[in-house]
Structure formats: C-alpha cells, structure tokens
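Both complexes below contain subunit A, partnered by subunit B and then by subunit C.
Now for the complex of A and B:
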C-alpha cells in the first residue's frame, strides 16, 4: 500500500501554492499542488504547458510567482529543495542503519589509483594498450578478420557467389552489381560481416566492460582540465571514446552534452580527428610495417585534435563548459549486462549502418559503370599529388568518403603493390583520417546538428585535411623523419 | 564567533578534511540545479577526497567530481 508523502514548505511558499492552485482552471495529469510547485521552481516545460492552457489567466499566476520570488534572496528552486532535503533527512534517520566495516577495501584502493593522475595516467595507457590495441586491434581486427576474410569469404563465399553469378546471369553489369570486385555481396556484405563485425564487436564488448566497471567517470575527471582547453568538459570523454568504435554512434551520443557549443565542438572533432574502429584497424595494420610510422601518425592526429579544439574554442561563442559528475563505486561488470549491451549496440550498428554499406556498394558500382568515378578521380589526382602521393591514391580518397575504412583499405592495396614509401603511407593515412566523415556519419551530423552546421563542418574539413596532409609531408621531408 | 567552526569554500579545504555544507554561494541557476540534483545542499556532510586534476568529494553515500568553478561555490562549515 502506498501513502501520499506530503512535504510542508514554509508559510510564504505554501500560501503561493494555494493561490496558484486556486487559479488553475484546467485538469492536468499532475495534481494542482504539484503543478503550482513546478511553476514556482520555474520548470520550463510546465510553464510552457500552463501558458498554453490557461492563456489570459497565466498573467495573474506569473505575478504570484514573481512576488514570491521577491520574498527570497535565493532561487525558489533552492528554497523548495531545502525543505525537501529536511524531510528526506528525517526519513533516512528513521529508516536507515549503516553497518560498519562493510566497505569494499580493494575497490576503494583501486578507485583512488584510477583518480590520482600519477597512477591514473599509466592505468589509462594500460587500458588503451590492452583494451584497444591488443584486444580490438590485434585480436578483433587481426586474428578474427583474417579468419573471416581470407578463409570464410576468400575461400568459400566469394568464389561460390562469383561462380553462381557467372553461370546464371548473362549480363556483366548485373554480375558486377552482385559479385566481383565491387559487388553488393562480395564487397558490401563482405566488408560488413568479415571486417566491420569483428572490429566493432570487439570494440563494443570492451567498451561495455569499461562502462560497467565505473571507469569512465574517473577518466572524465582525469581529463577534464585538458578537455576544458578544447572547449569541452570531462563528460565528453564518453562520446569521444565511443568514437573510436563508431563515429556515427558517437555523433548521436554527443547530444548528451550540455551546451550547443560543446555539441558542435564534439561533432567537429569526431568528424575530423577521431578514427573509427574500422579505420583504426586498417591503419594499424597498414602502418605497423614501417618503423616509426605509427608514432608519427599518432602524434600528428593528437596534435590536430588539440589544435583544432583549442582554436574552435577561441572562435565559437557561447558559455564556458562546467564539469560535474557522480563517481560511482568501481564494480566488477556483470557478464549478462555486458553481453546485452554489446548485443544491443551491434544490433543498432547493423540496422543503421549495413544499409549504408549496401548503398555505398551501389554507388561505387554505378560510378564505375558510368565512368563518373574516373572523372572525379582525375579531378582529385592533382590534389593527391599536392600532398606528395601518387595518382593511384586518388581512388582511395574517393572511396574513403563512402566508408572511412574503404579508403584505408584502398591504401592497403597500394602498399602491397609497393607504390608507397613509409612517408607517403603516413601522409596518406593521416590525411584519410582527417578527411571527410563517411556517409553514415555525415547523415547523422545533418540529423543531429542541422544542415548549416553539418555543411560548415564538412566544408572546413575537406580543404583542411589536404592542407594538413601537405604540411605533414613538408615537415617529414624537411626534417628527414621518414624515408 | 563559535569556538571552532568557520566557513571556507570547498576549493580551500584540505584533502580528507570534513565539514557540513553551509551555503551554495552563486546566482547561477544552472550550477545550483546541478548541485541540488546530486543532493549537495546545506546541512549535508561533506569530505574532500582529492583536489587535482578535479575536485572529488564524498557527500552522504555518493562521490562527486566537479571542476574548480563549481567547487568554489560550495561553502563549508568546518
């Protein structure tokens, strides 16, 4: 059985509440008392609702609110909360007993280690190394992808599909649509299942474990000061880390940031300098062959991330971000929760993203068939030459727009053919990382930030990526960093 | 003045120092709302745990991390 819990406020608030209640003429889902209290606390949604329903009557109500506000030197919201807190304290006193010595010592100790910068930063590096590099990079993007790509698709599915298509379909254009180099099944589905699924799956699994352990708020408090410099607050680590999995999903999650300014900065940085797991996987594989290449790439992308964040903060008007976050106790994640979360995220990913893969295959097929791609590639050749890359790299950049990892995978082929020096490889990988977001991310930017902001961001990134690539190439040549 | 209690801002407290929240000194409605939503109100016991890189403190059964701007708003009776 439930009983109504009544909190009695001080005389002035109570008299305002009854005055407002008497004035309210319409029936609301909430009681009139509740509506009156919410009005006094200046709840925006309730004010808008009451304004609409009570029309002329609202003017009198707002006068009551104003005169009540005058009687206090603090916001009414604060005054009302104080009375509630008193009530809560009495209830807690009566009903709760605390058992001494029940605290989890190990969790407390670990919690302090993760929050102290001296130990917290090394712990972060360990998490990144084992979680991201070893588990997602080497295991997900390496072992599992190799198995699915080379064995399942390379040996069984693709040859079978190509064979079937060749036997039963007489037209080459239709054959190419379904199979061969750019077909929906042999390219689109293969990419989705054999490359993206293992990378994104291992990433989401690791992310869910970290999320459920309570580590993210600790990371947020650790990086808050750095993030403030780039116009964000510590809370933004959540969309930023998620971006390493899928920038499209991270762009959507950035709506949880408090101010519009923070949301715009986060969207820009995600689109510019955070490579998604699919792209990261291919880039790691690509650069790990040349000594020093990975380090140069990492330093360059990190530098651009901070530089653009810093400059955007100077240019973009708006309130300064503020940081507050509850730090939950560290917990051992529950296997069932982790698996459910991973599953839900992968399901979202598949439903949202796979159709776009198929669309990308279709567009690439169409572009090849009509010769349109040849034209665009010929336009892009001078641009890639400008940053010190051979003509052939233009194709990789064009495909990079359809899928970030398509582009990186295109570079893979160039490297296999021995067409790129380590320096060119780094410049190409870095430019591709900065270069426009994939179609899926761009459509999410349109949806979340609006046409104007999304176009402005893309319009900035496109030339910037190539100028930054050119500068990197120049620095590497001048200081003879890489051959 | 009372024998041992005096008011200081949370940002001036020492690590492990305990006190009782006396007042939230700001007109910024958004900061007030944030603090109130986490149960930080006059009368609650508070213990500072860490100051750098962010302020971390214990209120009731929860730990909260805030930046310097918010920490300086919380006035504590120690």
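Now for the complex of A and C:
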C-alpha cells in the first residue's frame, strides 16, 4: 500500500502540533498528532483525558494551546476543519466527475411537496388519517381486536379455560389466579394477545414503511418552526414520533438530541403528552364511536403538549437549539426490511410485555385475595370521582401504573360494559394519556436522565394529569360540549 | 436473537426483563469474547447497520433516517476463514464529538482499538464525509473506506475513480450497494487482506 495521506495545516498550527506532540508522554490509541489537533480544537473529553494522564506537562500544553488561540481571530476548530475540508475538496475534485445523470424527478418533486407548509400539512394529515386512524385505529384496534376479543377469547379460550379450571381445580384461589375476571390467562394474556398485539403490530408495520421511505426527516423540516417555540428543534420529531410507537424506546432515542435541555424537554413531553401505540390504538377505537370525542381528546392533548413545551422553555435555562439535519432521499421501502423490522419490534415488545402483564395479573390476584386491591381502589376512587368518573374507572388507572397500554386496555373493558358516557370517556382517555409514564418508561428515564430529573418529571406529571383531567371535565360540563 | 446474554446476576436479568429496560431495544449482543474486532463507523444514515446485518447475519433495526442506531451492537462475522467481532456503532460526523451517541463511538475506538475500522460513507456526499477519513488517517486508525449507496451516486451522474482515491488517501477504498447486497464479497476480501497484512 502506498503511503498514507497527510494533511498539512498552516505553519502556526503545525508548529503548535509538533510542540504538543513532543510533550505528550503517554501512549494514546490515536496518534499524538491527532491528539494534539483535538486539543487545539478544544475537545472537552480529550482535554480531560490528557489532563489526567499528563499531570506534569498539562500546564505547558495548555499554554501552547492558549498562545496559538491568540494568533487567530476565529476558533481553532474552524481553522483546522477548514484546512481539512480544503484538502478533501481537492481530492474529490481530482477523483470525481459529474456527468449528466437521470435525476429522479418524481422523488424530488414529492420531497419538495412534503416540506412546503402549504402542501406538507395536508400530506401529514393524509398520512395520519390513512396510516394512523384508518389502518391502526379502525383496522388494528377495531376489526382485528374485535375478532380476537370476541370470537377467539370470548367464545373459545376464556370459556374453555374457565371450564377446565372449574372442573379440575377445587380451590377458588387457584381458579382465580388462572381464570375468571383477573386471571393470568383470562386477563393478562388476553390483554397482551387480543388487545395490545394487533394494535402494536399494525402500528409498527405502518411506522416501518414511513421510516424506510424517508418521510420523517422531511416532517422534521416541516415542524421545525413549531418545535422551536417549545424549545426543541426539528430533530426531536424522530423521538416524538417514535414515542407513538413506544415511549420507552423513544426516551432512549432522545439521546440523539444535542443539548441536555432539549433532552429533558423531550423526556418530559414523551412522558406527559405522547400516548404509545397501544394506548393510542385503544383510545382511537374507544373514541371513534362517540362523535366529537376524538376531536376533543386530540385538541386537549395537543394543547397540553404545546403549553407544557412552551412553559418549560421559559423555565429551563440553556441555549436555544440550532437545527441541522440531513435529509436522505425518499426511497421506496424494501418489503423484506419492513417485514423483518415489524417482526423484530413486535417480538421485542411482546417479550417485554408478557411477563409484565402476567406479573400485573399476579399482583391483582394477590391484592384481591388479601383485600389490598380493594383498599387501594378505594383510595383511588375519590381521585377518580374528582375528575367526574365512576368508581369502576379506578381499576383502569391502577392498571395504568403498571403500563400505559394495560391501563388503556382496562378502559376498553369499561367501555364494553357501557359504564362511561362520551364525556367521561374523553376525560378518562385524556387523563390516562397524561398520567404516569409506565414502569418501563420511568426506569428508562432514570437510566437516561438520572434520578433527580426522572423523579421531578414524575412528581410533576402525577398531580398535573388529574388537575388537567378535572379542568377538562369542568370545561366540557360548563360548555355542554359532550353528553 | 440473542439478547442480554451479558454476565448479569439472575435477579438483575429478571428485573430488567420485567421492567423492560434490558438493552434489547433493537440492538444485538452476541458472545464474541476473544475475537479480533472490526468496527463500522461513519456519519448517520449511510448504511452501517445494513452492512452489520449482512456481515453478521443478525438483525439490527435499519431505517431511512439519521440516528436509528443509538447503541453499539456486536455480532460474529466470518471473513475468509476467520471469525471476527463486528461492531455496529451510532453515527459520528467527526472525531470532535457533539452528541452523546457520537461520544459512544469515539470512546469505543479509543478503548477497544479495533483491528480494522471500516469507514462507511454515502458516495453522494464525499465532500462532507471524507474529513472524518482524514482525521482517522491522522490518528493512525487502521481505516478502510467504503463508498456505500453507490447506485444513487451513479444515477446522479457521479463517477468516482476508486483507484485514484485509493492512491491519494493511501488506504483501501471500495464501493458497495449494501441494501442490494452488492460489493460485499470484495469488501470481505479487502478486510481480510488488510487485517492479515497488519
């Protein structure tokens, strides 16, 4: 192999580099030249590393950096990057030629349409209507859930399990553990398989297609202006939209945001105002029955999202975000990747929720057996009544502690029993959306943002959800919006 | 998929499974102790994860937007007759890091000093991506340059003289279309030669 290329910087930088390299005594993985350049570019971590290793020399090294900085009126990082870029430009000029290519006119045209506010907003609404409302809401959470709930579990599995359990198990306590109202199979597995899985599956399928097409970065460009107002930049679109899939996953992805401030705002908004796919699916299915209910819920959650985002930007100190994002070309999604991705995500989700749902059934069973469940429910009842809901709704909220989706599934059961008026349904759905990040999301918040921030966020959300629910209920009653 | 098979005490494993915080959010962690390492690095959304999937036969999530990968994945891949630990990393624009996930990648390079570092770039955007190659050459990182998404570059009318680029940079340079499985054999060959020579 021929000798490797070496970029030569201007005289002053080169002399600083060689002076620093001579002083570096420790062996780093990177060459001394590269370390010296990173020091001149003032990379914090490298500075910290060198400070630690070169205790005797560091003072002299930092003097060299300081005196070099004095010689330029721009940051050294800029000077160094510029020389490197110039070298790259000459190399590219020598090795690359451009001939007339067949540009992809249709993709280019579509790409521009998605980013222009005039056409981009209608396109977004179309994607939401067909992708989310029709496919996930009506098909996934409606048709498929109904089929699995009523025909498979309602007609075959639950009666069969209940029958088997009653015939072969003489003890009621064990019967209740496996079957009946709160059994592992009849409640835990049923929620997971019949309600959550179809919704999550249809959502992930649709989301994979959107992801692979390259639509998300375009959406980021489109909403950048609105997001700036709430202290985020367009880049935050990705964790936010991912949040509609699973808030836990999205909280982790918020790592891609640049400043700590943005990451905290995104974590808060995800925990508060972004429902996860399972919750969203159930809510879409529940509310689409009552005219106007879906609109009220949507407007309320949107309002809270913007309000809290706006307030946090006022309160939290820090720099305003700058926006830089690469927009990849629109591409036709590959069927194989879409299917594999949907499958792995469903598998991951399922593996994650099943043990938790079983655990929840176990806890509820234990709570029932000891009467603890009743006690906790009775504590919850005044709170639930406070926001205008019947006693029975306390159960759904208690379930919601375990997981967002579990709580939403509990709401589904209430609706089936005809216990809620449209107004109560909206209030319950809205409060449940705001209320608790589920256990998984909360522990991810602890892991990513630290104990203090995570506790502060949870401590804010809990009372806020109920106060907002109460306010919504009051507004709806006063202005007679919904019966 | 072999997830979370790291050496954790059993109660931690159960609690992470129950709470859903295990590192199973789309990344892969196969048992690769003792193997020599090959890392895939480069800007976001250039196809590192696609290459990882091809080289290891595992599946990490692949999407068409920057920032899909936020965690490091490790898998076993056979190149020639030898097995290696292939490492997929979150996107990194420069050795001078801004975001947390860039730091993850640089720390990995500094800590684990891989046998070969495959710098994956988007052939359409050489101007923007080569500075990192130069930085790694400067740092004596054993780097191989892969111009991925070559099909899109070609249909834009871009012609790149790989031989000349190779001579200029003094490192192995080759092109692939990872999404269509093109150029993979050559890539494996070159990595094999490179690691052998080192």
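As a working rule, the second predicted complex is superposed on the first by the 412 of 483 C-alpha atoms of A that agree within 3 Å, B and C clash if a C-alpha of one lies under 4 Å from a C-alpha of the other, contacts with A are read in each partner's own complex, and residues count from 1 in each chain.
In this text, a contact is a pair of C-beta atoms (placed from the backbone, for glycine too) under 8 Å apart; a residue touches a chain by one contact, two chains touch by 3 or more.
Only a predicted model underlies this, so the values are computations on that prediction, with no experimental measurement involved.
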* In the superposed arrangement, does subunit B or subunit C reach more residues of subunit A? -> C
* **Touched partner set for A:75, first subunit B, second subunit C, both or neither** => first
* First, second, both or neither for A:115, with subunit B first and subunit C second -> first
* Kindly classify A:224 by the partners it touches after superposition: subunit B alone (first), subunit C alone (second), both, or neither? => first
* Quick one: classify A:85 as touching subunit B (first), subunit C (second), both or neither. => both
* Figure out whether A:233 sits in contact with subunit B (first) or subunit C (second), or with both, or with neither. => first
* With the two structures laid over each other on chain A, which partner does A:94 touch: subunit B (first), subunit C (second), both, or neither? -> second
* Classify the contacts of A:478 with the two partner chains as first (subunit B alone), second (subunit C alone), both, or neither. => neither
* Can A:167 be said to touch subunit B (first), subunit C (second), both, or neither? -> neither
* Footprint overlap on subunit A, where subunit B in one structure and subunit C in the other make contact -> 77, 81, 85, 89, 217, 325-326, 328-329
* Could you please specify the touching residues of subunit C with respect to subunit A in the complex? => 1, 17-21, 24-26, 43-45, 59, 61-68, 70-71, 94-101, 103, 106, 109-111, 113, 126-127, 130-131, 134-135, 137-141, 152, 154-161, 164-165, 167-172, 179, 197
* Asked: Can you list the residues on subunit B that touch subunit A in the complex?
  -> 24, 27, 29-36, 38-39, 41-44, 50, 52-54, 56, 62-67, 69-70
* Asked: Given the complex with subunit C, which residues does subunit A contribute to the contact?
  -> 1-7, 28-31, 33-35, 37-38, 41, 43, 45, 77, 81, 84-85, 87-89, 91-92, 94-104, 208, 211-214, 216-217, 235, 238, 248-249, 252-253, 255-258, 325-326, 328-329, 331, 333-334, 337, 340-341, 344-345, 347-348, 351-353, 355-356, 359, 439-440, 443-444, 447
* Structure fact -> Seen from subunit A, its contact residues with subunit B in the complex are 75, 77-78, 81-82, 85-86, 89, 115-117, 217, 220-225, 228, 233-234, 320, 322-329
